[in-house]
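Quick one: this structure, given as structure tokens, is what I'll be asking you about.
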Amino acid sequence: MNELLDEAGFELHIRPLIDDDWKLSESPTAIEKEYKFKSFIEAFSWMTKCAIWAEKLDHHPEWFNVYNKVKVKLTTHDVGGLSIKDGTLAKKMDSLAE
Amino acid sequence: MNELLDEAGFELHIRPLIDDDWKLSESPTAIEKEYKFKSFIEAFSWMTKCAIWAEKLDHHPEWFNVYNKVKVKLTTHDVGGLSIKDGTLAKKMDSLAE
Amino acid sequence: MNELLDEAGFELHIRPLIDDDWKLSESPTAIEKEYKFKSFIEAFSWMTKCAIWAEKLDHHPEWFNVYNKVKVKLTTHDVGGLSIKDGTLAKKMDSLAE
Amino acid sequence: MNELLDEAGFELHIRPLIDDDWKLSESPTAIEKEYKFKSFIEAFSWMTKCAIWAEKLDHHPEWFNVYNKVKVKLTTHDVGGLSIKDGTLAKKMDSLAE
């Protein structure tokens, strides 16, 4: 079951993402990042990898794509904020984009 | 080369889409639609088909996905409004969603 | 952990697939089916859905695609034959192809 | 329209691929290569990029996937051998795998 991260959990799972260009947003608390790729094909192929992982983790992004750019927003709706799953999916998305 | 649709072109290529739940928006002129699928997997698989067609037509959507919903916005940036390509991609997206 | 299906398991999980055009093959025991779609795009989009499920189930097909056809072979390598996972993935592939 | 490559065309478009691990096969003449990726997800994401290009070029591979491996065979059916399209798709597949 998902749980809202407490302060220690936030420091452990979310804080390091801020250094990797993720930004905090509010209402509800979420993390957001914009990725840029070489082409639409590279962007969409990355989305395919993330889509497979999203289903495996049972945690899905809100994401917006136009041409080679993808804007991602992660939050955990059933807890009304950030859970450990947001940290896990964010790290996975970063590593798949390398 | 893309050209802005004139009134006759608009009536021919865009007007019929309004009956298929596409909505006009402005600045620049664009058409928008929200699709809803049975699951994230069905939504993403439809996006894959659309992505292949977008590359074939060399015309790409602005689209936003969260779980089983996809919001699409089509416009032709280099003419600052709607071209025949928006009509073509919109019809294709509709037929791929059936 | 995967287990080789015994006779009762085979009757329950594999036998019904034979009526849905799956065929048995040997060395090791496997089930095979050929799917035909309207186009390459439809074939590949179905493969995308199956790929997501394959990762979720942690069980992957051997599959061959040319244009609108996909030949699938399912077996469970670590048990040297058929396990319940082959039945599960086969049924999923059939339902995604409908 | 597709044309069978003559000897000069073969030297120009196919010969360099032999150095990149493509192999010639016969009946009909074709080129084949096996790619290996880090994971099923990486393999399938590469297939997605190739699928988009295949549709753009209107030239489709015969390909076989099991887990992280993809075996590709390229030939041009309507000329009964190799055409320039096989060279183009092969080079594209190599560059997408880098």
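Which chain is which? They are A, B, C and D, in the order written, and residues in each are numbered from 1.
Simple rule for what comes next: a contact is a pair of C-beta atoms (placed from the backbone, for glycine too) under 8 Å apart; a residue touches a chain by one contact, two chains touch by 3 or more.
Small disclaimer: the values here were computed from a predicted structure and weren't measured.
J.: Quick check for you: after a Cα superposition of chain A on chain B, what is the rotation angle, between 0 and 180°, in steps of 5?
T.: 180
J.: Since chain C and chain D are copies that touch, just let me know if over half of their interface numbering is common to both, same, or not, different.
T.: same
J.: Which integer distance in Å separates the CA centroid of chain C from that of chain D?
T.: Computed from C-alpha means, the inter-chain centre distance equals 26 Å.
J.: Measuring centre to centre with CA averages, how many angstrom lie between chain A and chain C?
T.: About 32 Å, centre to centre.
J.: Where in chain A do residues touch two or more other chains at once?
T.: 41, 44, 48, 51-52, 55 - these are the residues of chain A that touch more than one other chain.
J.: Under the stated contact criterion, what part of chain A meets chain B in this complex?
T.: For chain A paired with chain B, touching residues are 40-41, 44, 47-48, 51, 54-55, 60-67.
J.: Residues of chain C touching chain A in their complex?
T.: Residues 48, 51-52, 55-56.
J.: Please give the residue numbers of chain A that touch chain D in the complex, ascending.
T.: So the residues of chain A in touch with chain D come to 41-42, 44-46, 48-49, 52-53.
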